[in-house]
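As written, the chains take the letters A, B, C and D, and residue 1 is the first residue of each chain.
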């Protein structure tokens, strides 16, 4: 992974001359996972920024909070917000720009290329360390991860600990940035949707038993929705009362609001929630894998969105997160869209 | 005679053609199974995936979305959007393991009363062997 | 067989009366328990009303505890449950559980003058203690009511207020002047300053929208009312009503159990979380 | 009553408890622990960090309170409700951590008192908690000694097992605990003086192995009283994603929601259901008018901390946090309440 020393200088400069409100990046976490999101306002704090294979979080999510905060302030500070992005994160910004949720001028992008490798998979690493927490993770020059724990160092081939999404990553360098560190190493994964084969090869009944067993675990803590940079609706289908209630929302509007999903974490309700979320991410999910990483019950949610990403590519030739001028997947069509399933 | 399973189908019928096709079938006294619960929508493009998942959640054994043939859409593009969106819904339902026959999309114009009855007959014929839909159904 | 504190008793609506029509509709319901249910309560306590299939809503009981043959609730149409209640008529069945909350400490107010200051639907919780004070008139000093609403159409208990006028001074107000409106025009807090209730041996009880309560308390302080002489009720979202579901707290107080009635002396010490 | 139980006869003991519903911690193939029904394949107890604490057994995520229906006879419509009380078979939870049992002891205070929550007690009374002392601590983020607990605390536990290598030292504190031992008396033997010395040593050693601590928790509780309006909370909650992990997985979090869930709308038939709820979601406190006393994530992080470290102390005299470390380990953005509490202690203004 590229180094961020020049980016730090850049960060110090923009903070000092005030062109940027604050910068979202990664610093040292204290809960056992080396990296954690931090927010730096002062130039002298720029040294707190780190960059290593444990910078797994998608920080673009915090641009949503920033927009909400500005909406609540009477005279909001219109300066852009700085943000460190990997390849996948940058594509999330492209989708937010595509949907006009943020303006290009709202964000100052410090791009870091993943070059040969990518980030570690938290679940794989935790399994390898038998639950123990890593102190540091680095990538050595033979493309191996060196993991330091309190009881010494462990080495593993990058492929063994690399996050699934990095192995299938179409472009591991930022597609949009103000400043960039590291070269753009074009990598064409041999099987871009390889991880799906495990499920697609199952029979219908086996697939059902798999997904039922997984989604029955769901406790509806909504971490997948909270971590997702694309899930920015003010009012979600699963919320018990509408969140966008204002003083002039009439009683009838509130009373007639349809409760599509019950609050109970029952299998039927979990399915409606996860299927609707997957559909709402069709053509918008940039496969940053956060939904799967944050899930406390390890439900493989990424496979739901990756499947629709594959369909969007194969059925409609639609790529996500590369071109901010493209219309959304389901608000455009081609004459040659397949219709064999219509009878 | 054992109580034969009668599937209950929720059908989203586009007002301008499929629903008119259904009326034509009715006016021409065509026989077709009474299993569908018709819901008239302004356009097949307005059928949200949430309606489909919610229908299965509330116990529908089959869901049909029927719209106008490409080019006939009263709103020009509605059925093209529906074609793309409901194709994704179909793939997703199949992917999680719902029996593929349970979700069906069709083009039925206002003049195709016979085709409408045929679509319903085929759909009921497909659903009968599957028995009641218990996978996505809410069992309160 | 012990029953759960969450299970409501069934009750029938015996009479409904439209107090206010329109977007901010208010309706008064009188309910009677079926199969021998009963609920003993104190002034200012609330009950959780159930509309089965819709949910529950915490509503203050506006009839006096001395009235035994019905419970009266005045409800603003504002959400899922209250809209369902407004669509109900006499004969429909609802659920009632309670009583909840600490209620007004009316025994401590013996021998004192009582000034009731209400705004909009805020008159409903006050009505219980107004009626009780009238029925036990000898035990209290002078009673008076200052009440206001946005418009004359938004005034609740219109007929009862007319009758009340010959039992105690009633000072009505509306926010904006109307052609045939002869009483005070302006917000309730300004009406309080205008009427200048005297603080000697007097308790002021105020209920209404939070913004009104804030300024009423400020004005009462200007009129030299002590913190212990001012009582109010606090509104927060409630679900269980018995201090367990964790949502209605202001500081370490659960409003449903430790409130909703507070003297300004107590409320001042709690954080502004309502 | 104090006994010892050879490790190799632990499976027989579990089998002997056939008149109970027995839960044991088990690791799935992704390395995630959870309490599952015992099915005879238990070998020995491991030091486990289950994702969901035993709270899910005592206070399940969904509890049906009552069923309601409307029946139509002619034009007469009658509404009936039927209270649904859980019928719970005597249950044993083996392998609960002492901090999780301590959390059950705290939940007893919340669901007891003036208004008894019968749904909780119908599950709590028939349940026996068998804890395993944490030698060593299951997680790097454990800090139970800092919140008046310990790796071998006994509050809420009926039996405390301590691993002495080839055998468990079994200490039963309640009649319910003794009933488990008398279910298979021949498996247990009297503890020798050596065993008693070793168990004390093991307990002392376990406390030294705790890696994290919160200094002066009671002092922090006092200091928190004056910090309601401080901007401190905005900075600390900046990276919060507003999900429900920290509260749903906390053994002592007990907030819940009550909703009516409709099966059929006409004729109306459905259930009133209690489900878990969290102070981290906006509609937890949102008024029908849209006003929200806790409108942003800063006020909700403040509520989570004040409730556990200040309000609970004022109402029940105990710190509500039991130091299990789950909210620290599983927070997606690494918000660490130990770090937040230390900041309160050091420079809380």
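The criterion applied here is as follows: a contact is a pair of C-beta atoms (placed from the backbone, for glycine too) under 8 Å apart; a residue touches a chain by one contact, two chains touch by 3 or more.
Every value quoted in this text rests on a predicted model; they were computed, and no experiment measured them.
By number of C-beta pairs in contact, A-D leads over the other of A-C and A-D. The greatest centre-to-centre gap from chain D, using C-alpha centroids, is found for B. A separation of 49 Å divides the Cα centre of chain A from that of chain C.
Chain centres here are Cα means. That of chain B falls 52 Å from that of chain C.
One inter-chain figure worth recording: chain A and chain D are separated by 31 Å, centre to centre, where each centre is the mean of the chain's CA atoms.
Rounded to whole angstrom units, the spacing between the C-alpha centres of chain C and chain D is 39.
Annotation for chain D: residues touching 2 or more other chains are 257, 259, 261, 270, 286, 288-289. Touching of two or more other chains is recorded for residues 241, 254, 262, 266 of chain A. In chain C, 78-79, 82 are the positions where the chain touches two or more neighbouring chains simultaneously.
Across the complex, chain C meets chain A through its residues 23, 25, 77-80, 82-84. Residue ranges of chain D in contact with chain C, taken from their complex: 65-66, 68, 70, 77-79, 81, 83, 85, 110-111, 114-119, 228-229, 254-260, 262, 265, 268, 270, 272, 274, 277, 279, 284-289, 291, 293-294, 303, 306-307, 310-311, 314-315. Partner chain D is touched in their complex by these residues of chain A: 29-33, 35-39, 57, 61-62, 65, 123, 126-127, 130-133, 219-223, 225-227, 239-241, 243, 245-247, 249, 254, 262-266, 290, 293-294, 296-298. Contact residues of chain D toward chain A in the complex are 30-32, 49, 51-52, 61-62, 139-141, 238-239, 241-245, 248-249, 257, 259, 261, 273, 275-276, 278, 281-283, 286, 288-290, 297, 328-336, 338-339. The residues of chain A lying in touch with chain C in their complex are 241, 250-252, 254-255, 257.
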